[in-house]
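The structure's right below; bear with me while I get my questions together.
Residue numbering begins at 1 within each chain, and the chains themselves are lettered A, B, C, D, E and F in the order written.
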Amino acid sequence: MTSVTRPSGRPVDALRTLRLTRDYTKHAEGSVLIECGDTKVICTASIEEKVPGFLKGKGQGWLTAEYGMLPRSTHSRMDREAAKGKQSGRTQEIQRLIGRSLRAAFDLEAFGERTLHLDCDVIQADGGTRTASITGAMVAAYDAFSKLKARGLIAEIPLKHFVAAISVGVYQGTPVLDLDYVEDSNCDTDMNVVMTESGHFIEVQGTAEGAAFDRAGMNRLLDLAQAGITDIVKMQKQALGIAE
Amino acid sequence: MTSVTRPSGRPVDALRTLRLTRDYTKHAEGSVLIECGDTKVICTASIEEKVPGFLKGKGQGWLTAEYGMLPRSTHSRMDREAAKGKQSGRTQEIQRLIGRSLRAAFDLEAFGERTLHLDCDVIQADGGTRTASITGAMVAAYDAFSKLKARGLIAEIPLKHFVAAISVGVYQGTPVLDLDYVEDSNCDTDMNVVMTESGHFIEVQGTAEGAAFDRAGMNRLLDLAQAGITDIVKMQKQALGIAE
Amino acid sequence: MTSVTRPSGRPVDALRTLRLTRDYTKHAEGSVLIECGDTKVICTASIEEKVPGFLKGKGQGWLTAEYGMLPRSTHSRMDREAAKGKQSGRTQEIQRLIGRSLRAAFDLEAFGERTLHLDCDVIQADGGTRTASITGAMVAAYDAFSKLKARGLIAEIPLKHFVAAISVGVYQGTPVLDLDYVEDSNCDTDMNVVMTESGHFIEVQGTAEGAAFDRAGMNRLLDLAQAGITDIVKMQKQALGIAE
Amino acid sequence: MTSVTRPSGRPVDALRTLRLTRDYTKHAEGSVLIECGDTKVICTASIEEKVPGFLKGKGQGWLTAEYGMLPRSTHSRMDREAAKGKQSGRTQEIQRLIGRSLRAAFDLEAFGERTLHLDCDVIQADGGTRTASITGAMVAAYDAFSKLKARGLIAEIPLKHFVAAISVGVYQGTPVLDLDYVEDSNCDTDMNVVMTESGHFIEVQGTAEGAAFDRAGMNRLLDLAQAGITDIVKMQKQALGIAE
Amino acid sequence: MTSVTRPSGRPVDALRTLRLTRDYTKHAEGSVLIECGDTKVICTASIEEKVPGFLKGKGQGWLTAEYGMLPRSTHSRMDREAAKGKQSGRTQEIQRLIGRSLRAAFDLEAFGERTLHLDCDVIQADGGTRTASITGAMVAAYDAFSKLKARGLIAEIPLKHFVAAISVGVYQGTPVLDLDYVEDSNCDTDMNVVMTESGHFIEVQGTAEGAAFDRAGMNRLLDLAQAGITDIVKMQKQALGIAE
Amino acid sequence: MTSVTRPSGRPVDALRTLRLTRDYTKHAEGSVLIECGDTKVICTASIEEKVPGFLKGKGQGWLTAEYGMLPRSTHSRMDREAAKGKQSGRTQEIQRLIGRSLRAAFDLEAFGERTLHLDCDVIQADGGTRTASITGAMVAAYDAFSKLKARGLIAEIPLKHFVAAISVGVYQGTPVLDLDYVEDSNCDTDMNVVMTESGHFIEVQGTAEGAAFDRAGMNRLLDLAQAGITDIVKMQKQALGIAE
């Protein structure tokens, strides 16, 4: 552990305070407000009683995700994507990532011809919105499936394993966990990691924006992420009232 | 006053509980969460240090508004407008209404070549989202101008008068104030009224979706709206800590 | 009655000359050229033998409207919406208003699984194009239903009541009827009113662009509109050769 | 001359009745209603006091054209291009043709840094709308330049030569002039020809939709077109009150 | 034959070197690289086992074409149409021309409910890309139908006649065959001609960009095109190993 | 090394045959055809003498990338993105990856106010198109900068280090290098790695589409990628005639 001082004052391996508020809004089958420090995302899970055309009649379900940011969730106001008439490449990249991550968490063949829509909407951004979205959407999806089970529509929650996500990065030469916006915009490398509760990788997306990173740095980043995700999964289960 | 029983149980002339939470998010110059019963809208006011092309060099400001709904703010999930690639006619109609209403509240010539962007994003819908947006945006805009004044960029808040809005409607033959979703979807007439604190009309938009309404009904609706708006303006000022 | 002099020289309660030319073009089931002074709109009514998806199999009909302006119908040339790739918010607002107004005129359940498309295209604009569109579309729709009846496809014209529309406004402090472009661009308040032949309101859309208007002004505007619409409905019936 | 009987009853080399109504609408610098039999097109010419970016500062003008059809100008209603959000390939092809044809009629270097916008809007279609648009736009453009000259903004009308257009086609094996809709939809070959008053070709666009045509057929079609266009140019000049 | 010296040094009636490479890529049923001098186009023919909606159940096939240019196929880089979000008018005009031309080559009723998609993508442009596309697509389509026949899905190749295309133009007053980019950008008239192997016209599209051309010039251009196309059809058949 | 048999028959750590053809097309400053087995991508590098708005006047350059696939580069024909009117999320994700990777290869501050556009167009796809694009674009960009240097516009090629890319994956439980299409569509994990010539990471994008992978698998994948990229960089330099 080096002695770098992070802008946030946190130790290099410390997560920001994480809060998961379930039933945040009243209409969705699952609705979670996730707060990671000052990053706040509303994650809703909506059940639709049909599947996209390419799955019709196959007896299986589908899960898809969308992501958005309120125009003034950010430091300076961003243009509204609905008004511009298209989603940015960044937005599409993130919602594809959320979708793939959550499809790894559930057994799509085990909840009938239904679609689970996950909507992750950032109301306040301070770094790590995509990983917060994945972590929060996991809880919202679990709640939605619980509701389906409670209504007798499925026998079991089609869970394969919990997934959670976190960012890691190299700040002033030192690998650190869970970057906030100030750290993120000054770091050389940014990596988003999605893992299962058992420590397997679902997604690894690392980008060297400044100096490229070597294999040792890579290993240290993966260590930090793995430890962080282990803690986050515990908090997900706690929020859901599930014994480990 | 007739004896109709509203689904909400409220008297015909009763507003829903109204809550205004200032500084709801941290980046915007003004940020208000408005809750009218179960309707919840985040209203942010953002100052931009330039004006649209048609006003360049004229020494005056501009104020514009945008409106959106989170996909699962509603009973069943709506398609995301950013993903569809365009805003619906309803959305455009509403954001044009919000913009006109707030431009009536402030003196555009008195805050320099700046644009005030109002973003009204519905996170939970239960009827009356457009009037809640106007009422909340008024407070957010006031806060944003206060900040400009505090920074010494303007001498005075360019206020002409407070504006607020409310819906009225004819439910089972009886004019009622402040319809929630259940009442709204079963009423014959729906009217949105925007007024100044001194009881003048800014906007009146009435639509008979079922039976057309006669002049007496119109008068009763306007009475209800006027009384309601008087109360709402008091709550706006209270939230802002302004003596009447 | 005050002594304001209108740019048009008309008394405050005088309509412009109104002309309704039926069978203006040859393909449409109903085709009307409406001229209100120098405002000229082609209104066509087209019957399509199917309904939108959300009504399929319900045994009822649908009525929808679209609105457009030729690029040089206006004082200076406007961009063509088809070339820009989208309809403006104003256009969408107007065509939604026309659609709602005409759906109030006819019994949608009484003409089978058919869609009536109303197209209102402004070829020359001089104020009041949206109200002229409604008034003209009423006649075109009536003609189209007459044709359906003549072909034995429906037993009766599914008329609930005639509807017509007019604008009123406050010009130099005085409420006046049927504003032309010069009056409209200099008035403080503009209100569009849609009523049935029996004097009930379908739509009221009032906007204070300058000084807000008080309740007495509102009442005077509604008086003017009601008298104007009574006259217009007479002209619609006369054009159609219907005895009152 | 063979003895084929055309659906229209016209001799093979006969034009439909052609009417040119100038000053059809009041705002445009040039505004012409052209009627070729039952085909009716409003052609307006609008002067704008600037040129597109690629011509800025070059001291010359530009001329461009747009084309549209009212949704029910046709036998069955077409979708409105503004509502669909794009112009069809056919529309773009036609407006490019009109633009090229009229740019050949005028000297673009001789009317200053101005743009002439030609808008050709079909209000009733019965075949030959693109050639009618060119013929009518010629007259509208001439009128617009006359107005510029009358205002002293240009010394002379920057005319190179009159242009006009007509369609020819092979109907039941026989070349015929000026096809109406019924003839057009049953012919093997359709050719649109744009020529100058002195009999030179500006555009030739021939398509064999059925049987391909040989060189002799080609020659006969060009003969018919040339004779037709000579007559049409006379009518253009007559309408404009220009002695030949 | 006049003594004009073409930039290419070719005689006025000489084609550029033409090369047709079959099976250029491996997935398409037909795949041809056509090189006309420095113009290079990849033409693929893809069989799809269904037809567009308007042909469903009619027992016949359909043939359609699309055209594109790689952004740096041209002298200076063009914007990518996919990134701009729409195809230009020129692109649509060209792909409509290719489609019409090839639909004239084959009997659409004789290959079952299938669609043949022709994709013509320019990888290097030096004039004449649309005519090269037609000539190359003819060979690719023939190959695709051969494959269908070899698989026993159709009894015969549904050939009506070979089609090929070439451009002609007036360069410095002299009609010339097969213009390259330098010639094309300096010529007065440009004409694209599509003919059958028996010398009948499918399409003639001539445009006078500079001086209009008279009837004698037209005749000379058609002579040149006819001779050129006769040679090109020989090369198409040779490439396909078909005896004449 | 396990004994899994790859569909390609290659050893687990073997690259496909790689060919780099420079000057593949004639207009671009850099133009490379890269072939990785049956995957073929045209990579062009185009210099534009200006920068995007956000960099104007800062004295530095910009580098951006676009990616596309010909419609029939794939097993079954894909819709053309230009015709659909938008680029897919996958396309945008890939072109963002190419851009970031190449911006890491060059010193943007050292080539003046110019933009280098990289266009990667897949003409035949058999797996690994995004990594082939990066590897090929590196060579095309180098060539473009060489041309700038040869013209005396820059003093040195602004190279930071060579970058190259390769995919690795877990096929039937075994990590393998450089997946072709058949392997890719049957593998559990797919990882794209971009590295510098000195073995540092620029990008790592791993996705578990089937079973999640553990840390040991991750390490083995990174070993394979690193060895592959070392070989590829040699081939890039060889193609460019650069001594190591």
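Everything that follows uses one rule, which is that contacts are C-beta pairs under 8 Å (C-beta built on N, C-alpha and C of every residue); 3 or more make two chains touch, one makes a residue touch a chain.
Source: prediction; values computed, not measured.
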Shortest chain-hopping distance from chain B out to chain C: 1
Between chain B and its twin chain F, rotation from the CA superposition, multiple of 5 degrees: 120
Chain centre separation (chain C, chain E; CA means) in Å: 51
Centre-to-centre distance between chain D and chain A (centres being mean Cα positions), rounded to whole Å: 60
Two or more partner chains touched - positions in chain D: 85-86
Chain D to chain E touching residues, read off their complex: 86, 89-90, 92-93, 95-96, 100, 104, 191, 195-196, 199-209, 211-215, 218, 222, 226
In the complex with chain C, residue positions of chain D that touch it: 25-28, 31, 38, 40, 42, 44, 46, 48, 66, 68, 70-77, 80-83, 85-87, 91, 117, 119, 121, 123-125
